[in-house]
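Following are the structures in question.
Next come two complexes, and both contain subunit A; in the first it sits with subunit B, in the second with subunit C.
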Partner chain A sequence: MSQINAYRRKFLAALGGVAAAGLASGVIVREVKAASPDVPTRPEDQPVSNKVRWGMLIDINRLTDGGASMVEACKREHGWGNDPKASPEQQAQWMRTVKVTDKLTKHSFTLPVMCQHCEEPPCVDVCPTGASMKRADGIVQVNKHICIGCRYCMMACPYKARSFVHENLTDQRVHSPRGIGTVESCNLCVHRVDKGQLPACVEAAPQAVIFGDLNDPTSRISQAMKALGGSQIRADLSLNTGVRYLGL
Partner chain B sequence: MSSKTMIYSELRASKAYYFLLASCLAVVGLGAISFLHLEHEGHYVTGMNNQVVWGLPHVFAIFLIVAASGALNVASIGTVFRKSLYQPMGGLSALLAIALLIGGLAILVLDLGHADRLMIAMTHYNFKSIFAWNIILYNGFLALCILYIWTMQDRKMKAFYPYAGFFAFSWRLILTLGTGSIFGFLVARSYYNSAIMAPLFIAMSFALGLAVFIILLFFTYRLDKRELGDLVLNRLRYLLAIFVAAAMFLELARHLTALYITQRHGIEQFILLDGGIYTLLFWIGQVLIGGLIPLSLIFCRALKNNHWSLLLAASLVIVGGLVQLYVIIVGGQVYPLELFPNAEVESSFFDGSISSYTPSRWEWMLGLGGVGLALALFFVGMVVLRFLPKSLADSSVEDS
Partner chain C sequence: MRGLQRIKFALLGLLAIGLVACDAGVPQPNLAPAKAKAAQCVEPTADIRKNHMAYLNVHRDKTVIEGIRSTKHSLNECINCHVAPTREDGSAVHYTDEKKDHFCASCHTYVGVKMDCFQCHADRPEVTKQVNYQHKLSSNTYHLSAQTGQPSAQDWLLLSTPQGARQ
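For the complex of A and B:
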């Protein structure tokens, strides 16, 4: 009997230790991934609100690598870009750098292109099941539980921002599951934003990218856009994109 | 229906019939194998990719769906426009419409990334999506065709025959409008974004549906040794010519409009001039083989009453229709999206470059499997119910 009690004591002590370590590490993790001042933390019991509209301002002239580090950060965060069986044309690309050279002036620049998080997203309009959806806070993403893999959103997206998963995948990121037969794209790192953190690509290029609430006139991004502007790719489509560029 | 007494009977299930049915089912089997392979492995085994997201299966599927609505026209002309010559063929026309639609939908569904989620497509609707509307339109079309056949075959339901015919005809026009609008509503793609896609698809459906109907009618009557006269065949012959010409006319208007819009010069130059295989397919496949040669065959005086020239014309219309859909669906996608006008672009995601697409054998198998399914359903339907007039000889049909 005393032996059993001894076991119990040891077990409880070990459990206490694990719990304490877990709590401590939680605190540490929280401290390490400090919430960004640009992304106010939303209490978990509060729904996403349309009072907020997340957006991004990318200063192309300050991107020394044309956005390559942003693309790498996105790959690391979401685990795309190296699907073993897919051909190069079948590889998913949530984000890529595009080199643009004006035919007349020969002026050239490189910029990162991904989902532009339109206010009026064509991909959401065409999706038959509503899997392609825009959250109240402006984040456009795919509900992978009801995506049937018809790829109509890929046909509709003016920015070629979406990819289809062509094969079974293993070793996926816990926070960013990818599924065979569904469509995927940049979701502004919704899992990070919900925790008050910046999207991975923004963290990778802090000198050139501002992330924040476009609806808040006092936010850093709103102030910067008011002072400097913020161009859209294919502004002629009147989609009012959440991703804006300086230096286009 | 026709004032002359027309006798209908089931198709005789001869040895040749069973051979035909078995051949169709073998092709369906190939389609099933392809589906299982795609479901198990994923779409990396196909030629489709993230630049060309819709490929050969969609060409076959949309061909069958468009032809389905067109196949019903023979019945509609009999009922809605009261042309008694067409009335005896009404049941056959509605049966073919059902069979073709099921074949086409089967391909479309089995090519989905998640075919297992069909129930979600049936229960989650985004009503702003023309795709969602099409799901309703396709199901409604099947139901209306069945109702239409019922009013033709059951004396007690005869009073509803004109109404069923009218609703089915209206529904089929809206259905093809919806199919064309799948492309017409794509705002960002310069080869598609146009309201003319809807009437173009309607004209195509008239031509393709009738071409399929003519060929199947002819060979079914041969198979069962029934009489099929020049009166019926010649009427269908000239009707086919009108539909082919209408489809060509709308295609011409589409390209002329695009040629007037500077923004679209790039894609037009690609398709019409320097697009390699796509240019070849457009001029040789679509315009010459699918349009000019069939029209010449139909209007050539020396070939009047020549059944084989009509069959050849109808076959060429089918080939041309498949090519036209290939040029529209694949050609429209291989040309890059224009994110930055007046600029040259390059990226790791093939921005600014012409994509390549080669259909894999799995896509051929899936596409042909749908065709096999449509034919098998058609052949089974004719044995089960009395769709076929005993004779369509000139003396049996009433000219109007």
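For the complex of A and C:
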């Protein structure tokens, strides 16, 4: 508890510092789209390396909307959720909010759930073509060039993180190709991370989410996890997820 | 005998007319949009005409698997250079259009190539102001990468917290 209080104090102190900076400068400059200090840039012609493992820490208590704005940011970034012919059950769902209620105490809370970027991903184990893949830096994604749409990975994922596209689409997002007959899921905004930017959902909830390199002990996320922990959903499965939660 | 000869000539004549007609029917890809942007393609013209698919295949694996995002052989850059998002009348240009006037479709249709790049990839450049371009989304909030609008207190938090948390 005292740790949490310390964390809150730092958080408030940071907030105060920012307010002061904002007043002093007088001019509001919007630099968020540029590289984030949490995501070191890599030359665009260099491959990703396993020295880095990307992860995300979500503090559920700080998510005032239970993660709804994160879901909206994801939809907007990748263009899913409004496929013209899909029924509501068929719509792709890269990220959703889940409400949990304790039967005994009736305490309930809502958290966002998406691909947890498992270190030992079952979706990769079952894929017959190698389309479901883990990048060297820990990002799990579907290589749609070789996905045959068998949907084994959808069955294998314990987090229901994957969706299937049932219909012909046009005018997809330029940076996020998606199309008929392939499976898709959260890819940690790989196109943004490769440019040194934060994932869209992290930008949408900066008060509650930290993104960064789990392998770097000095990164903001590693420090926060060291101080406060970070629980996995279904930790019993030993998948060592890259997405961690506070307040579960 | 003479009759046969005549028929032969007639047939030859018809064939010739047919060939000429075919020749006139070869669709010319519209190179004007690209030529307005660059004098030369990323590879020599003869090479890129013959081998563009090989370049794209290599680059797609590098991008998806290794995260290499160089633009030289990127499909997005082909589209950005060669395809205008709309026709002169303002209608959207798509690969699957009946008119076959999409840059890629104009050749592929003629040579009978079937490829499915555009089942997933956008087949024209992104145009922000064009409402029919992007999927409509059920949201009224913009995430922070939107260039316009006032930043909220949350923007400031994002900018400041690294130092705050590292102390």
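The definition used in the following text is that the second predicted complex is superposed on the first by the 216 of 248 C-alpha atoms of A that agree within 3 Å, B and C clash if a C-alpha of one lies under 4 Å from a C-alpha of the other, contacts with A are read in each partner's own complex, and residues count from 1 in each chain.
Everything below uses one rule, namely that contacts are C-beta pairs under 8 Å (C-beta built on N, C-alpha and C of every residue); 3 or more make two chains touch, one makes a residue touch a chain.
Everything numeric here is computed off the predicted structure, so don't read it as measured data.
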First, second, both or neither for A:128, with subunit B first and subunit C second: first
Partner chain(s) touched by A:154 [first = subunit B, second = subunit C, both, neither]: first
Which superposed partner A:47 touches (first subunit B, second subunit C, both, neither): second
Subunit B versus subunit C as contact partner of A:181, first or second or both or neither: both
First (subunit B), second (subunit C), both or neither touched by A:228: neither
First, second, both or neither for A:76, with subunit B first and subunit C second: second
Which of subunit B and subunit C A:35 touches, first, second, both or neither: neither
First, second, both or neither for A:168, with subunit B first and subunit C second: both
Broader residue contact with subunit A after superposition on the shared chain, subunit B or subunit C: C
Overlap of subunit C and subunit B interfaces on subunit A (superposed complexes): 83, 168, 180-182
Subunit A partner contacts - residues on subunit C that touch it in the complex: 60-62, 64-71, 76, 79, 92, 94, 96, 116, 119-126, 132-139, 141-145, 147, 150-151, 153-167
Contact set on subunit A toward subunit C in their complex: 10-11, 13-15, 17-19, 21-22, 28, 30-33, 36-38, 42, 44-48, 69, 72-73, 75-77, 79-83, 133, 135-137, 141, 143-145, 168-175, 177-182, 190-191, 194-195, 197-198, 200, 203-207, 210, 218, 220, 223-224
List of subunit A residues in touch with subunit B within their complex: 83, 85-87, 89-93, 96-104, 113, 122, 124-131, 146-152, 154-160, 162-168, 180-183, 233-234, 237
In the complex with subunit A, residue positions of subunit B that touch it: 41-44, 49-54, 112-115, 117-118, 120-121, 124-126, 128-132, 135, 182, 185-189, 333, 337, 339-340, 342-351, 355-356
